[in-house]
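Encoded as structure tokens, the structure appears first; notes follow it.
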Amino acid sequence: MKGFSRMRKDIGVLTVGSLVLVGLLALVPLTASPAGQKGNETKGKFYFKQNCKSCHVKDAQGGEITPLSKTQAQWQAYFAKGKHMKGTETLTKYLTPEQLNDALTFLYNHAVDSPQPETCGK
Amino acid sequence: MNRRGFLKLATGGAVGATLLQAEACGMPLRQQKVAKVPAPRLEIPTTCDMCVNKCSLIAIVQGGVVKKLNPNPENPKSRGMLCARGNAGIQQLYDPARIKHPMMRTGERGEGKWKVVSWDEALDFTAQKLSAVKEKYGPQGTLWSSSESFQEQFFRNLGQAFGSPNSVRHPTLCLASVNLAYSLTFGTVPSFDVQNARYIIMSGANRLESFITPDTMDLVASTTDRKARLVYLDPRFTKTAAKADEWYPIRPGTDLAFILAMLNVIIGENRYDKEFVSTYCSGFEQLAEHVKQYSPDWAAEETQISSKHILRVAREFSDAAPRAMYYAGRRSSWYRDDFSMRRGQAILNAIIGNWDRQGGMVPNAKVELGELMFLPWDDPTAPRVDELDRNFPLAAKGDGVYLRLRENVIAGQPYPVKGWMVYKQDPVSGIPDQDKTLQMLRQMDFVGVIDIQMSDTAWFADVILPESTYLERLDPVEMLAGIRPVVVYRQPVVKPLYDTKPLLEIVQGVAKRLNLSQYFDYTMEQWIAEQVKALPMDLPLEYLKKHGVYSSAQFPKYGTTLTPDHRFVTKSGKIELLSRRLQEAGYDPLPIYHPPTQVPEGQFRLVLGRHAFFTHASTTNYPWLNSFSTENTLWIHPKPADSLGIKDSERIEVASGSGSIRIKARVTPKIRPDCVFMQHGFGKHSPWLRLANSGGSDAQLLETAWDKVSGGAAMHETFVKVRKV
Amino acid sequence: MKTIEWQYLIVSYLFLGGLSAGLFFVSALTELFRNDGDAPKVKIAHIGALLAPWPVMIGCALLVFDLGHWYRFYKLFLHFRWESPMSIGSWLLMFFIGVSILYAYGWIPGSMREAAFERLPGHLQFLRILNRDVSGWRRPLAIVGLPMSVGVAIYTGVLLGAVQSRPFWNTNLVAQLFLFSALSSGCALLILVLAASARKFEIHEFQSLYLLDISFLTLEFFIVVPYVIHGELSAEAVRESLNLVLGGPFTILFWAFFLGLGLLLPWAIEVLEALPLLLRHAQLVPRVDTATVAEAGTAVFILRDPGGQAPSRKLHFSRSWAVAAAVLVLMGGVLVRYIFVFAGQMSAIH
Amino acid sequence: MTNRPKRYALAIDAKKCIDCKACVVACRAENGVPLGKSRNWINEELRGDWPKLMEVFEPEQCHHCEEPACVRVCPTGASYQRPDGVVAINRSECVGCRYCMIACPYDARFFRDDLGVVEKCDLCARRLDRGELPACVETCPSKVRIFGDLNDPTSEIHQILEKRQYRVKKREAGTGPQIYYLL
């Protein structure tokens, strides 16, 4: 429940002026996409795969990372911190802020506790 | 075989082929004797596409003619199996009703006046029409509907790159409610380890008749060789019923009552897996409290199954745990609260702790495939026309909700949709309430269809872009997740017989003309090369070309998720008996029973089902399959038949709220007296599908109704009047 | 897949084959056992001989026509398979046709023969070598042909009887039934031809034919009866198959038309007609000259018993009765084959 | 393998048959059987009254008898029995008299109007000679048919017939049928 309220705050910040967010607890995760993150999900997936996946796959140094690796709240916290390699470097080393937002949108929308965990349809 | 025999084989396809081929290569027919010179006999492994099951097969090809399709035993899923449809694949390739060239409509829609055009002309026309719609209504003014295929993604990508949020797929006409119920409970849709089960309860899903898959094979083996018990609920005496140990002609729409009563017994008598429930599940207390009200006696009233049977089945079921399962199977939504019934099943499976155990439910394992990275496009800005977020907040975004979408499009709400691209789908004869589908189709400024045969939808299209059949096509590699995940490969076994193209080339053709080429600047070969990189072998492509399928010996694996720290992909991270997400979305977090609508006096409930000869509406025109059921009949029980004075194979009229048809009666004791049944895929508009025109179409009768949560079309909510004519 | 494969062509073939056999049998029999100068018997043998080859030849033509590949019929004569009734049959038929043609040739009057060969066109002159008088071979040919004709008649029944899988056929009685039905139809055709053709006819001609036919019909009857009884007491499958004629599609045809009209009725007519002839020592003295009989079509005779007293009984003889009896017998012959061919194929072991 | 002569036969576990018709289509495709005719088929029998119903499915085809009536009556020897027990038809020798069809207790034969010859299941002789299984046996999803060499003690069919009870159809026809229906 704690993670939940925190998330709610964050989203609140991110979606000021968003038509859809009525602030109802129930609606938060539903409106999470696309209104949850204003970034571009398709592009986010692209950047994530192109940049992160090089190290973050099974048995690679970074260890496997997928959207399911974290909850929506955790993803937001992680990107808010923007730290990489145990904090030794910043994410901006790899992606522009805009690209990062896109990546976050993708990861957030398919996070382990998201409404669309498994990629749709398949 | 003598020459006469040789020619006569045409019925069987094989020589039809030589002739067609001869024709295709512009070779004069008298030269066709050439084909008699014994050509080398090739065995080419590839993957079936006669239904969605993706069985591996080996095509026997001689002189550029497909002689026979044999099963490929190397696939641990389909093993040495090829069903009737699979064997009839030859007839899809050599089907005279195939679309042999791009065609454009010259007369009115559905008038059947066509002109054969060049690909350039057809693609220019398509692109120009799509742009015109975009011009006027924005990209969201186009609708992109498609069904599953290895290449479907290219079609959907085109729709998205074009800027339309409106893609609609088959699940809401199919297993949407199952998928959603299991996802919300376990965070994923598991497979059922039928092969090792000891006790199987199946309701609705008619898995020995409707669809021949590995589960079918395992089901037969389990119930015969390993003496597993099969309890089967169905208003109809199907072939599954014939093989079941117990068959109960349950009152339609009351399955949930049966399930809730089982929960009531199993929890009430402390027969559930306490350790499993306390370790992995959440919301048990509320569940226990909730099912107290649903006693076997109460359920007996609802289901018309005596309470002593319900009681016994519940006990036997929990005794057999964890090698017991309430089989979900592949099936459609039947009632407006179909989703709750699925949830009930999922919960029942959960509390006996059959999760991730041998003979229970197992989360699907995967084989990693590589992915070709292509330039991403901007996400569509407009909301979906079916207003998913408002109507079905939990439904899968990419799939859409077909019937809701149709309502909105017809109403022009929230915005007009005037362009319709259809791939490998036949909404006109496939979807309930045909009049509405036609209404939706008629209000379109443009309808483009990509298909292999002149489907009813193609019949009403403005332009038809013919796709090559699966035996003529190179497809992306496909990974089938499951207890034994496999990677299957589809390679062309003959050159295209006619002026057809694989979908990717069609998509690229349209994309080029819409200036979207940058998103599709790759070849099928490049795409596949990227995919197979991830396979654990050197020369993976050669391997697939040779074997047609790859699977790893490390499967099956049980219990990978059975560690206390495992986080299920649900809101709470646990198996949610009480679903947080349902609660948040304002639905009942626990399945609540709502009795089905009573059958009005003098009417019948129209129940549907599939037969494994026919893949939905698509294979009824292939003579080898059609010969098993040359026209659909209306099953009606002798008692009502007598009182209506209807004799077997008499013509009768069947009328519902949305239409009426003429059809032959089949008086049989194999169905409940309050139900009637008919097959799907007949009564076509398209005269090209001559064999399938006989009998009426269920799509004309079925009324618009959907499952409240998943949006899946509710197929058993239609009541019909039957009378002699 | 259950289908009725053998139909009317085969029915007609079985009938015609039997008919020829019957004709030859009667002809040969009379030829062999007549006393010299017995004009009526000569006439019977003569007509029988001339008629015999044709039906079987037509029948065989139908048979060949019924094949999937008519032009492949020669293959039948590339093999001899003693287990196959059809193989034996085809060889038997071939030889029988040969013999019966030769036999018929032997009965053609010399003058006629000469005349025919005279009229041969030039390029066919070589055929003159055939211009031989073989009338001397009649008796030997009759002796050779007699068993063959019986063989052919039996074979038409064996062809069906040898099929174990069709309980309706699978009894040796079928062969016998077909044999006697064949012989009686042979007789019947002769009676018909005589009665229809001969303007001035000779009661003695009919005498022997009636006697023969009555005995054949009697025998046939006493095979039909045991066939049914035997079947009813036999294996379940056979009993089932018999339902086809006892309360089945063929019941009326079998009992009313075949047994009644086709067998018993003609038998009765012939017995009534010939009864007097059957009486021992009866000798016939025409009361009116046979010329008038010719017109009237009816002869009245007085029977005088050995005592030699005054007229004791009258006998009346009718041409139309003869024709009627003959036609009925022939119809019966066709029917029995029709019934057996169709019902047999419908019957099966369950 | 021993050099004991082969004796091919079929064991059919009809309980496993779900009447899916895969065998029928596979046969049609393999042997070019025209529509309306079939070398193999599935007998259906529905018993009882609603709701106490039961239905049995039983695949059938040529029984490849030990003493084939069809071979016996064939006047030209077109119907013959191979050393391995397979009863086959030599099309070029068949005159189309259909005597064999009438002689077959199982009605397993049919007439090819298009070819003028009789046809029936030959256990996919061409496939056997390539060392493959008959099409119907191979394709069956529930593996109803067990095909093999009775004379090979190691063969599945040999062993299953030793273990399990079976019946043959129409034994009284006396042709020695070689399809064994497992009980």
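We call the chains A, B, C and D, going by the order they appear; numbering starts again at 1 in every chain.
Here is the rule we use: contacts are C-beta pairs under 8 Å (C-beta built on N, C-alpha and C of every residue); 3 or more make two chains touch, one makes a residue touch a chain.
All values derive from a computational prediction rather than experimental measurement.
**Q** Measuring between Cα centroids, what's the chain most distant from chain A?
**A** That would be chain C.
**Q** Report, in whole Å, the distance between the mean C-alpha point of chain A and the mean C-alpha point of chain C.
**A** Each chain's C-alpha centroid was found; their separation is 102 Å.
**Q** Centroid of chain B to centroid of chain C, CA atoms only: how many Å?
**A** 71
**Q** Can you give the whole-Å distance between the Cα centres of chain A and chain D?
**A** 63
**Q** What whole-number Å value describes the gap between the mean CA coordinates of chain B and chain D?
**A** Here the centre of chain D sits 35 Å away from the centre of chain B.
**Q** Residues of chain D that contact two or more other chains, please.
**A** Within chain D, the residues that touch at least two other chains are 112, 115.
**Q** For the protein chains shown, what form does their contact graph take: line, ring, star, complete or other?
**A** Topology of touching chains reads as a line.
**Q** Considering every pair of chains, which are in touch?
**A** Pairs satisfying the touch definition: A-B, B-D, C-D.
**Q** Could you pull out which chain B residues touch chain A in their complex?
**A** Residues 160, 169, 171, 183, 187-189, 368, 371, 373, 375-379, 389, 393-394, 396-399, 567, 569-571, 573, 581, 583-586 of chain B touch chain A in their complex.
**Q** Mind pulling up the chain D residues that touch chain C in the complex?
**A** Where chain D meets chain C, its residues are 37-38, 41, 69, 72-77, 93-99, 101-105, 107, 109-112, 115-118, 170, 172-175.
**Q** Please give the residue numbers of chain D that touch chain B in the complex, ascending.
**A** Residues 13, 15-16, 18-22, 24-26, 28-30, 32-36, 46, 49-51, 53-57, 91-92, 112, 114-115, 135, 138-143.
**Q** Which of the residues in chain C come into contact with chain D in the complex?
**A** Against chain D, chain C makes touches at 1-3, 5-6, 66-69, 72-73, 75-76, 78-79, 81, 83-87, 90, 159, 162-166, 235, 237, 345, 348-349.
**Q** Could you please specify the touching residues of chain B with respect to chain D in the complex?
**A** 1-2, 4-5, 8-9, 11-14, 67-71, 80-84, 86-88, 90, 208-209, 212, 216-217, 220-221, 224, 237, 239, 241-243, 247, 249, 612-613, 623-625, 627-628, 637-638, 669-670, 673
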